[in-house]
Structure formats: structure tokens, C-alpha cells
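Structure record follows, encoded as C-alpha cells.
Labels for the chains are A, B and C, by order of writing; each one numbers its residues from 1.
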């Protein structure tokens, strides 16, 4: 049985970006392309904008860490071209010994905003240029680490009582700092004690 | 009957602090009013709130009643599904999928089986495909019922939810007869299903398909030309085609803007290309169009169910599971008497099913949008990575742009029209 | 009640066989009777159990026959907190605050396996039973419990409330978080959260 042919985007990418297209593979009918991290943003922009590619729909952004500790962490972009009915999976390998960083694609697809935040939350990958990179599923001050990493145990690092204590101490309504909202325009006008409470995340003392 | 136009007329065009255009609703003064009272209110909706459809927290910055910014906070139902999946065999992940999108559990079960089968290169039997289509369309109906009922409550209509939930109970009875559970069905297995449908089940589903459109017509009478419904929903929560595609929206959210994209038609699975059904596509991208799209989808689902039942009639006695002892447990009688069957049983239960090294992404048309499961396998029985591509998560990320410039009560209506399920968003 | 021949331990006693207009009862029985027949639930619905709660409130199973039709989404007006669904750690301070906001007398029902013990989610994200955070009166097993199961739990709660005494000061004491920021002792939380049964084996690597 002959191996299935990869998507024609692979050849087009190689022609355009040369060695930045590291390798490709077809797995279960899906074409996967590994690209160099430094050119990842340019490559993804080209895939979106080039009329022959037209990957206008970003299906998903996620990350994969393998059980084999020697393998790098991969950031995975699932792309789709609605007009051409084509899919492509683009991967960027990140060396685990170095800081996990890659350029954000929020400027290309607005849908990348939350999914990149989730990759940051679960894996600790920093997306350079992301407008609002903070945790999305765990609370902002979550201290145990990045849950989907393979060195993170299923039940977490801390004991259950410590997790409960930290959870109860995290004030849910202070997770969005008032400075970041346009309330900041009048921040200097509000009374001192209110400003102090807002910064502490409290809601006033119960007498 | 009053309708609001889709495009807001700007009374006095203005820019907000970040330099973005402020869309000023009719009748509300523009930035000139800032001279009088420039205070913006910061209010918090949720995470415990009847109208957020789950544990969603919305932080809304209000100028009077106009929303300047809406920031959703999610994660309050984060349960570590993807981490749990890495510690389970593929068949053991099926019960987890019930609990992500708990409004349409059977559809999630089907998606998981399809993703695992894509990874392993397994094609299921024809009877299994028809049964899975039935499962998916039943799930679409019950999910849309919850959406319509709760949206009605949010807007203020309490009667339809009771009518619709009674229909839901009929589907629950069918699910319970098939799988033993009303909600957490765990219907599928890799290579087949947990069980075939029991006797008399087809007749009951046919009765449901006969009666359900009448109920939908009654609900249609209550809502579609209702002045309050139209006033609250037309022109509210508008999102453009380009923004929807760029924002990775899917399902009725995307189709309401005019993009004719349905996974069942675009990359058919389970033989959907052989069924005769229409995909409703909207035009304005507002709440009302999303309502019309989902209402029509329920009618179309009933149509598909009837066709699937007709096919089932011709497949009586056909096998449900693939004849592959590596993935399907042998019948207990053979496992106890035949050595080879016992070994197959032992290997599957103790070691699990081992797919080849590789990865697969399978997207299906869930009621909420495109649900995708992405498996990465290293050849062992437990996946290296199980990623759930959650449609509601991406649909909800468009909420801020839909709410800006709207009134506070519109935020509730817009949030309802997104049709979210927090279990899937937070996983 | 009232006009029938009472048994020895019946709560209500008819004083005079001549006039049916007088009735005596113990005050605590009257109070408990009125409390149980109009328990306003605070539906703290998070996940799948919330859908079964909605089904219980819908027309087939009908909570309103038990006086619970009026669901109080404001905890200030609620009597019983029904935690329907799993409780992740991020939601822990929220349920604690909701519980604190409820005025006495208040009770709680832990609906479902996840609320009672963490359920199938024995991982970093999930509280292993809401009783580590708030006091619980009735636990409902099931994943999700059938509506009949929830109704039985409500009846059990009603029975529990009927047995309460007005003079028992301990019942209405607010149980707040301790100085260490916890509701139970750390040792107790760790002990009840230990993995048990199947969850130990399922997560063992192949």
C-alpha cells in the first residue's frame, strides 16, 4: 500500500521558506509540517494570506509534551482553509532546556487569543506579543505549576489540605486588576480606602 | 412588531479610551455626556448566577446601561479532563467525554470513538454508523432544547422550557433504555458500541419523531413572531462573517453570520453525505438568526432520525461491533470457554488497546459547533496527549466583541445565544 | 395531623374532641414543619448534576410539590444549598462565600459523586468533596443521581429537619473558616482525599 501523499501545501512551503520547513509527515491522513520557531509567525501569516493557501480558519492551538523527556515540547496549530476544504497541522518544536517562547498569532487570528492563554496556563509557553497573556483555566495566583506538563503529577504537587487552603485564599473577584480596565481613568479619584481594598481584592470589612 | 436595525446609527461618532469606535445605541447620548458623569461602573456577573448558563464570570464595565467592555472569566469548572485522559485507556476515556458537554453526551462519545478509530485505522460496521448518526442527532435535539428553554427563561418566557423539557424526558427515556443512563451514557467503544438498541426502541423513537415537530411548532408560535422576542433578539449581538471566521467560531454561531460551514457537509463522517438534510444558514449574525438556525436544525435532525430509522429497518441482525478481537471484547461465553478469546479479553482489559504511533484529529459537528478530539499516541495503551477542541470555548471568546455597545440586558441575551456549556469550556 | 387519633409520639395533638378549631403542637414541630415544606433551594449548579436538577424541577418530577419551586439564586433568600455538580478548586472560595452569605437556618445537600467525594476527578483541579469546605447535611450518590435520588435526598433532609430541636443552640452556629483558612483540619482533609478503590488502579501506568 503506497503511503498517502502529503498536502500540496508542504511543497509550496518548502519552495517559499526553504530550510525553515524542518520536516513533514502524514499521520492517519492528516499532513503535519514542522517549522522553525523563528519563522513560525511569518509562515503562519503566509499560510493565511497567500491566495493559494488561504488558511483563513484557525481550528485550534495546543501543545504536546511527550513522555520521552528527550523529545521537545511541540506547539501545534491546526489550520483549515474553508474555501479549499483543506487542513494542515503546523508544529513548532520548543527545546525544554530553553525558555518556552513562541510568537503569538493573535494578530493573524483573533480566535488564537484564548487558546494561546490556555497553552500558557497548562504548559507554561509564553506567546510573545499576546495582548493579555494570563492564566485562563486556573486562577491567576495558582502556584503549583503548569498542570499538563509531564513532570506535574496528576494530583498536583501540594497536599490536598494545602491546595484547599490556597484555593480558599484566592479571592475570585480580584482576578482582574482594576488598573487594566478603563476604571483606571478614574482610579485616582476614588477614595483611598476603596483603592486599597481594590488592590487587595477585598469587598469591605464585615463589622 | 418592532425590529431594530442591524447596523447602529452613530448619533455622535466617538472613540473610547483605547481608540476604538464606540457604537452608541439609538437614543443614548454619545461622548458629550461624559462631561456630566464620567464614572464607569464595574459590575460582576457570576460565577454563580442563574443566567450565565453555568459557572461563568462576566466582568462588565458599564457607562450607565451601555456596556463599554465585557471580560469573561472562565475556568471555574476546570476539571483536568485532558490530564485524566493521559492516565486512561481509550475506552476508559469514553465516560469522561459524557461529562464535558453534558447536554449532548452521546455526540461526545461518538466523537471520541471516531477519533480513536481514525488513530487506529478502524472502520466500523454500517449498523454502527447508522446508530451513531441516531445518537448524534438525538444529542443535537436535546442540546438545542436546553438552549432554547434556558434562553427563553433569560428573556422572560417560562412556559416553553417546561414543554421542551418534557420532550427531553422522552429522549432521556430512550437513552436510558439503550445505555442504562439518562445523562452519562458512555455509549461508544472503540470499534463499536456498548450495546445494540433494545427491542421496541425503534418504535419509540419513531413516535418521538412524529410528535416532536408539533411541539417545535408550538414553540415556534410562541417565539418567532413574538414582539418581545424579536425586539430583544433582532439586531442584538451582531458579529460579522469575517470576524466569525477569524474568531474560529463554529456551529450555529458561524452559520448565523452567513458562512455555510457544517462539518457534516464539509468533511462528512458516519455516512452523512448519504442523508437528505438541509443546513440552515443565517444572514445577520444576530441573536435572532442564531435562534432561527438552531430551531430549524431541530427540525432537520428529526428528518435525519427518520431516515436513519428507515435504514436500521434494513440492517436488522447486522453486527454492531467490528469483528476485530484486538479491540472488541469477545462475548463472555467465549471468553470463558475458548483460550484464544480469553487471551484477547485479558490483553484488552489488562493492557488496553494499543494504537500505532501517530496522531489524529477528528472534528464532528456537535450541537455547539465543531468538536474536535486530537489524540497523540506513542504506541502505548494510554494517549500521550488528548486534546479537546472545545467549540463553546472559542465561541465564547467572541462574546466581548458582541457585547460592546450593547445594553446590560442584551448581555444576558447575547450570552444565552452563544449556547455555552461550561463543562466543555473549562474541561 | 390534627383531627385523627394521635399516636404516642405524633407531633400534633388534638385537645378537645368537641371543637376542631383548636390544635396544639410543640413549637419546634410547627417551626420544623413550616421549614421543611418550603425549603427554598439555592441551586449551586455547576455541571451535569445541575442538568438533572433542572430535570427534577421540570414538569415530570416537579420540585414544586415539595415547596421547592421557588429557587433562590440569591443566597440571602435561600434555605438549602444544593451543590449540584463537581467543585473545582477555583470555585471553592465561591461556594464558601455563598454559604457564608446564606442566613441561618440553612442546610446543604451535596448532589452527586463529585460534590460528595470528588467523583471520578481525583486530580489537581478538583475539591475532593464539598464537605471539606462547607458543612453538608445530606449526600446524594450517583453520577448523576436520578431525579428520584435527589427527591429522596430532599425527603431525607426534611426528615432531618423535622427531628431538629429549636432549643439546640449548636444547630444554628455559623461554622466559619478557621484561623488557618480551612474549614476542616488539614489532617482530616488529607485523609478523606486519599485515593481509594478503583482510582488507584486506573491511574497506574500500564
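Heads up, the rule we're going with is that contacts are C-beta pairs under 8 Å (C-beta built on N, C-alpha and C of every residue); 3 or more make two chains touch, one makes a residue touch a chain.
Computed from a predicted model, the values in this text were never measured in an experiment.
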{"item": "Topology of the chain contact graph, where touching chains are joined (line, ring, star, complete, other)", "value": "complete"}
{"item": "B-C or A-B, whichever has more C-beta pairs in contact", "value": "A-B"}
{"item": "Chain nearest the overall Cα centroid", "value": "B"}
{"item": "Whole-Å gap between the CA centroids of chain A and chain C", "value": "40"}
{"item": "Distance from the mean Cα position of chain C to that of chain B, given in whole angstrom", "value": "31"}
{"item": "Whole-Å gap separating chain A and chain B, where each centre is the average of the chain's CA atoms", "value": "23"}
{"item": "Contacts with 2+ other chains: residues of chain C", "value": "90, 94, 123-125, 203"}
{"item": "Interface hub residues of chain A, defined as touching at least two other chains", "value": "137-139, 147, 152, 154, 172"}
{"item": "Multi-partner residues of chain B (at least 2 other chains)", "value": "47, 75-76, 78, 80, 83-84, 87, 426"}
{"item": "Residue numbers on chain C that touch chain B, as the complex places them", "value": "44-48, 50-52, 54-55, 58-60, 71, 73, 85-86, 88, 90-91, 94-95, 98, 120-121, 123-126, 143-144, 146, 202-203, 205-206"}
{"item": "Partner chain B, residues of chain A touching it in the complex", "value": "27-30, 32, 56-60, 62, 64-68, 76, 78, 82, 85, 87, 89, 109-115, 118, 122, 135-139, 147-148, 152, 154, 172-173, 175-176, 178, 181-183, 185-186"}
{"item": "Parts of chain B lying in touch with chain C, wherever the complex brings them together", "value": "47-50, 54-55, 75-80, 83-84, 87-89, 92, 95-96, 98-99, 102-103, 146, 161-162, 165-166, 168-169, 172, 182-184, 351-352, 380-382, 422-423, 426"}
{"item": "Touch list for chain A against partner chain C, complex", "value": "137-139, 144, 147, 152-156, 159-172"}
{"item": "Complex contact set, residues of chain B against chain A", "value": "16-18, 38-40, 42, 44, 47, 57, 59, 61, 68-69, 71, 73-76, 78, 80, 82-84, 87, 118-119, 121, 243, 245-249, 259, 261, 266-267, 358-361, 363, 370, 372, 374, 376, 378, 384-385, 387, 389, 393-394, 396-398, 426-427"}
